[in-house]
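Labels run A, B, C, D and E following the written order; every chain starts at residue 1.
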Amino acid sequence: MQTEQPVKHLRNHTTENRLANWTRRWARLLFKSKTGTIGLIITGLIFLLAIFAPVLSPYHPNVQNYAAMNVPPVWLEGGMKEHLLGTDNLGRDMLSRIIYGTQVSLLVGVCSVVVAGAIGMFFGLIAGYYGGFIDNVLMRIVDAFLAIPNVLFILVILGVLSPGLLTLIFVIGLTNWVIYARLVRGDVLSIKEREFIKAARTIGTKNPVIICKHVLPNVMPSFIVISTLSVATTIVLEASLSYLGLGVQPPTVSWGGMLSAGRDYLATSWWIATFPGLAIMITVLGIIFLGDWLRDVLDPRSQTLRS
Amino acid sequence: MRKYLLWRVLQIIPVLFLISIFVFALLYLAGDPVALMLPEDATQEQVDALRESLGLDQPFYIQYLSFVGDVIQGDFGYSYRYSQPALPIVLERLPATFELAFASMIVAVLIAVPLGILSATKRNTALDVFISGASVLGKAMPNFWLGIMLILMLAITYPFFPVSGSGSVAHLILPAITLGTGCAAEMTRVLRSSMLETLNQDYVRTAVSKGVKNFFVVYKHAFRNALIPFITITFLQVSTLVSGALITEVVFSWPGLGQLLIQAINGRDMAVVQATVFIVAFIVIVVNLMADVLYRVLDPRIQFD
Amino acid sequence: MIKEVANTKEDDTLLEIKGLKKHFDVTRKIFAKKKDILKAVDGVDFIVKKGETFGIVGESGCGKSTTGNMIMRLADPTAGSIHFEGKDLSKLAKNEQSKMKKDIQMIFQDPFSSLNPRMRVFEIIAEPLRTHKIATGKELKQQVYELLDVVGLDRSLAKRFPHEFSGGQRQRIGIARALALRPKLIVCDEPVSALDVSIQSQVLNLLSKLQKDFDLTYIFIAHGLPVVKHISDRVAVMYLGKIVETAATEELFKHPKHPYTEGLLRAIPVPDPTLRSLDSGELLEGDLPSPVNPPSGCHFRTRCPYANEKCKAEAPKLQEVAKAHYVACHYPLQAGRGVIMEHA
Amino acid sequence: MARQNRLLEVENLKTYFHTENGTVPSVDGVSFHVDRGETVAIVGESGSGKSVTSFSIMGLVSPPGKIEAGHIRFDGTELTSLSERKMRKVRGNEIAMIFQEPLTSLNPVFTVGHQISEAILLHQDTKKAEARKQGIAMLKRVGIPRAEQVYQSYPHALSGGMRQRVMIAMALSCNPKMLIADEPTTALDVTIQAQILRLLKKISKEVDTSIILITHDLGVVAELVDRVIVMYAGQIVEQADVYTIFKDPKHPYTQGLLESTPKIHELHDELKSIRGVVPVPTNMPTGCRFHPRCPHAMDICKEKEPMMVDRDGKAQVRCWLYASEKEDVG
Amino acid sequence: MTNEENMTTAPDAGGEGGASSSNDTTLTIAQGSDMVSFDVHDHSNTSTEAIHINMFSYLVKNDVEGEGIVPDLATDWELVDDETWQFTLRDDAVFHNGDPVTAEDVKFTLERVAKDNTLQEHENYRQINEVEVIDDHTFLIHTNGPQPVMLNRLSRLGSGILPKDYIEENGWDHFLQEPVGSGPYQFVEWVRDDRVVLERFDDYFGGDVAVWDQLVFRSIPESSTRVGEVIAGGVDIAMNIAPIDWNRVNENEGTSIVEGQTNRTMMLVPNHREEYPTSDPLVREAIDLAIDNQALLDNLMGGSGTPTLTRVNPGNFGANEALHGEYRYDPDRAKELLEEAGYGDGLELTLHSPDGRYLQDRETTEVIAGMLSEIGIDVKIDFMEWSAYVDLRDAHEQKDLYLIGLTGSLWDAAHQLRHHTSMVAEDHIGYSNEEFDQIYLEAEVNMDEAEREQQYIDLQTMADEELINIMLFQLDSFYAVNDRIQFEPRLDEMWRVEEITLSE
């Protein structure tokens, strides 16, 4: 019996070698795509900012300084070295506020996506895999949710509940789960038809195990891409809600809150609304790029070193 | 076709039922509307008197049954704020919001179609990256921010357009751009990816091998096929448009549903909130239905019955 | 070599299929008065004997895979029974079902979609062993490695993902997975159609070898007649959800009795330019009719050069016309060419 | 050999794909010719460069692919340096192509008639009504019943065999001098395949159209063609007329290919097979590309790439086994 | 670029809906919110009334900055007895539909609001028992006990006289669609959330009182848009302009900021319930002393506004002028007081605040928090969306402090001081003071004006001593105004268009 040669030449898997391989692989993956690199770096920096906000920011974000109100950023005429990005209408340091704002914006973005994703994933898997009556009921619920535009939904709910960080996360999560449910269900429907699912059934694997081991990992990539996209849109959404007075409430600092509070100053002290706006844009850009990169990374096809 | 339509219309019923549950529940989540109708320093007697007169002291199920009965007859109750039935108030605002949504849609299509096709045909070039980046930015810009910036630039610094209000086509342009830009971002992405997909299809290769001009290959053979998902997503944007309109209308003081709703929510004018949610949901459902039907009309592969 | 026609002793029968039907409701009209029933499999009977390879051929959509799926319990039959080792598969208790699952395994057509792209080869092969708690830990590892040896893959490949393999290698992984449970019967649904010729022969040879080594029984589904002929002991020809002819391979290919079988054989291009067959003789006209609305009487009559009124009116039954040679035709072909006109 | 009889001449064609993972030399120095009225087959396993060769001829190679070197002369015109506009005149008009997947090769949103008449209107100065007449006539010629009706239907309403006939009708609608058929029957059932092959045969006889048939099915080759080109890993390894190839294959790869094909008319105990797999194009073996799989591999095979050797003018083979003979001859 | 040029380049100039100031005799005013309703009895919205006063005539007007109560439809009035008022109507007043204004219309109007308890203004009119028609132009109002503030009631929101016949003939809904009054301007159109348009009524009994042929009241909720409209010339007057935009408006050629007082007083309302530190008078005093009221105004309002120790501003009957314009600021003493109260180690207080309801409310809260932290009070700010804020307040679930701005539409101290009585304050903030209640109740029915005035002045002193609420300042309002307009903002924030004229 002849044995085939493996497609690629085999590497020795000694332990050190493996570690080195591992790092090399990830490094390669990271730098393979330029946008991915940018995305990862931006996102990484922003997470660091969020975590180390108290250390990194020069001032407490809510310290007011009447002597230095509406100070422009340092490179403009009238700028002060003490306030690199200037100050807002109450003399609070913009830089510090931007740094602290990272925390809440990420918290809202990530947590609400986790909430939505978890609910959506669960129902999407069940509906897609089992189909039939459950699927029908769930899809009607999804239809009903989708029929109500999300800002309207959130607005109405937040309008009747009292807004707060937790409520916000919860409500956004509750609104967005349908997106995931629909996406996951659609994916499951097509994955279900793939032969490896059939194969798993022929060897007697139980349905819950098939869902977890075979379906879930294959739904993951598109799920993650949508999730990252959704983290980005949630950060923007928080800004819009702030505009309507339903966002994260001060004194908690969030970019959305800053952006919307600063809108009245766009014509006079443009930096007050522009810097948080830029922060949002950069973050969104970073996260979306990261999502694209993640999709590549999560594809096992990319996990081999190509010669 | 008629049967398919009938089937789709029947499917709407459970959805509307679920929505009506939500809409009704709102009233209970909302708490007490009375406090908001009175001045800041109203007395308890005032509060009680008003509450009683509004029938808010009735038990739950009576209110529920009457709600369902009323909604079927198109009666969402009285607006506290306007002292009028809620439904006509909402319907009165629909045309303005439609007008804005329609104009925004046109803006979005005008932006998305050329950009989407361009970035697909010039895939991985600097132009493509630029367009992708721009569409990400389009998503990252909150509506209100863009709206205010547009006012500052195109209505005040360079007064090409009126700042706000309604009444003429000129009034429509800035809000439509504001609202359309966000949708365009999404639509560009969808069009790009569906164009990429169709450009890779065998029938495009067939067309090229027949000697069809490049332009026609792209705009006739590929675009016509990419159009199907594109139109679907375009219609589905209605939901996004309504979301965006809520905010854009406030910025430009456009007298549509958005302003009505936000004021109704702030004033706990629950009848108006309920009617708005219901009507908007209904419209979204109908539009989705239209998208579905259009999809079938455009794609000869899909059978009608 | 002429394969021995397995003898007909009762206890030799591993799998017995009687009146097997699978109907799909494909009604698209919501308020249709009559349902549209797609008779994917419409009354199939056959017996598979221990140790043999039973080939099923037919055109695309004739119901081969559906038959295989029902044997695998991946689809529930609309009617009919499947007896495996004398037991009715549909009437088994839970624990027996699980055991039965072990005894019947499957190899799939598409080497790309039949392996979970996100699982490593080791996991793919270990999964059946884990599921049935056959082995754990070191033993599991040992067994997986042994299976890799059996199908001719290097042990070091166990850590890789499916995409790192060629089609032939993937098919070997699929075979290893099927073998893991030591099945008695393996249903092969077009295991080589997606492979290049040079690879195809590797896999076919491997299957033959394994059959000997592990005492396996195969149901081999394919639409490539040469391949079926090469590997099968007996062959069933399907047309529109029905078996139109079964016989020992040699017999069937030498003396086809059904006009469809004959047409199929004639349509096969022969890799020998001196034997060009397409210019001469009649080819089957037209396409496979829609399985939703099959022709009345004999389903094949619309393409049959010999069809007459009787074929239109009456559906022929599968009958034994020669020893162990069954055919469903009112006018089976005689040895050589021509129709046996019983009731001229 | 009469030069004017040459319709197509491909010389040292190199088409490479510059991908992220390196350069893929899909077609690496391919030379062959097709005479007027001749039917030539290109056979080889998946990935051997058959399709890329045909795309190169059609000028359909798009980035990251690029024709790196070589000449393609068609009817006296050099195609590689033709402008896109002139190339469009050639496509569909002088060289037509049909593809493997009849399902996806027709545009689903246009009627069959629209797609056929499009080609006619593009290349001929005719009116719509005239184009329609021609189109329907063409459909009738490829054996489509109820041609008028089919002309107006959408592709999805047709069966696979019908679609492939439509594709052929479309390809032939401008009376091209050459037809490239890239695996025209792979997606079809045997009985339908037989119908299509018979149709192609009829056409090559009736009209003086040259055909390049791309396939991996040796049976199809034996049925249809005059001459066979065997490709392996982007190169031609053997070229000969169809009888010679089947009777006396020279290259070990050709031999292996023939031996591993199960045959309905012969009996085998065990099939021969070629060991190993087709090499990854980014990682080609040194020397002879077939040497890791070759049962006759010698030391030189690993080191030096063999040249194409002419055998009595009847066949050409790229193998060290025959190199000495050539030296003798030469 | 001059404003004039500005206007000609704007493409909407002359557009049907683009009510533009290019038209000399059209006055366009931008408010932050839309008019609520034409049902004069069923709203409690100042900016709605501000429009209504141009359409509807009242019996009497309250010139809060000048002479007080002056005639409008009524030419004479007198107190017949403690519970009866007699009025005489002028005989030349007609409604916009041509009907004369008669005593029957007055009866219809006042009895509607006095009897229908579903109407929002019912509370302010239920004191009226009956309107007795003597003849077409004479009638009696019978009140429920002595009502010293009756005239104030009749000169405010809800007092516009409605056309009885018109309403009875066409129905109420029709009236709401096509409202008819007897004021100087008549209804043209109302595009909800966009604009209300009125035009000159030629038969107005007062004659041509204003230069404007047409009035357009635009609703523009977004403040930067409002400012933008004034700068672009689309609007003549825009109200509620935030300090940040003042420079922009002033620097723009042809527009300037005009400021005026309002009757609104910003204050902190401390919780007097025992479990809250603010129940301790020392703590309240410390808070009061810690806040530099003038600094608030200087930093947030560009120095406009008046620090105050009372809610009753001059212009209201019974205002204690001695407390107005005053404030206390002594952070050192405040610290001592805190120490005395036992909070030397610091104190944490929650401060609820609306956000965007009042001019600079968010900023005010934030600055106050900053000031309190100076004396060792750690303030937890709780910004709330308005309706949530109201819910919290009405459920009496607020913690230590909340910020609010209160006004008094009755222009009589009775209104403002009622808030401090146990009838209101007990439930609300856990405060009650028998002495205060007693004086208040006496004053409420005291028909002796002078004595009543003194009682109110005393009550205010008492409220200040007790620090029932911690007063901050009387709020000013700011308008962006096109320079072609001569406009003096009114204390009552009404749009008296007869007082708004063209410059030159």
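Everything below uses one rule, namely that contacts are C-beta pairs under 8 Å (C-beta built on N, C-alpha and C of every residue); 3 or more make two chains touch, one makes a residue touch a chain.
By chain, UniProt protein names: A, B = ABC transporter permease; C, D = ABC transporter ATP-binding protein.
Given the structure is predicted, the values throughout are model-derived calculations rather than measurements.
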{"item": "From chain D, the most remote chain by mean C-alpha position", "value": "E"}
{"item": "Farthest chain (mean CA position) relative to chain C", "value": "E"}
{"item": "Interface with more contacting C-beta pairs, comparing B-D to B-E", "value": "B-E"}
{"item": "For chain D paired with chain E, centre-to-centre distance based on mean C-alpha positions, whole Å", "value": "88"}
{"item": "Euclidean distance of C-alpha centroids - chain A vs chain E, Å", "value": "46"}
{"item": "CA centroid of chain A to CA centroid of chain B, Å", "value": "24"}
{"item": "Overlap residues in chain B, where contacts from two or more other chains coincide", "value": "31, 144, 148, 152, 156, 250, 265-266, 268"}
{"item": "Per-residue overlap in chain D, given as positions that touch at least 2 other chains", "value": "273, 275, 277"}
{"item": "Contacts with two or more other chains, residues of chain C listed in rising order", "value": "166, 168-169, 202"}
{"item": "Residues of chain D touching chain B in the complex", "value": "58, 60, 84, 88-93, 96-97, 99, 101, 104-110, 115, 118-119, 122-123, 154, 156, 167, 170"}
{"item": "Complex contacts: residues of chain B adjacent to chain D", "value": "201-203, 205-214, 221, 224-225, 228, 298-301"}
{"item": "Chain A residues within the chain C interface of the complex", "value": "1-4, 6-8, 10, 13, 194-196, 198-206, 209, 213-214, 217-218, 300-301, 303-304"}
{"item": "Touch list for chain B against partner chain E, complex", "value": "31-32, 35-47, 49-50, 53-54, 81-84, 89, 92-93, 144, 148, 151-152, 155-156, 159-168, 170-171, 250-256, 259-260, 263, 265-268"}
{"item": "Complex contact set, residues of chain A against chain B", "value": "35, 140-141, 143-144, 146-152, 155-157, 159-161, 232-233, 236, 239-240, 243-245, 256, 259-260, 263, 266-267, 273, 277, 280-281, 284-285, 288"}
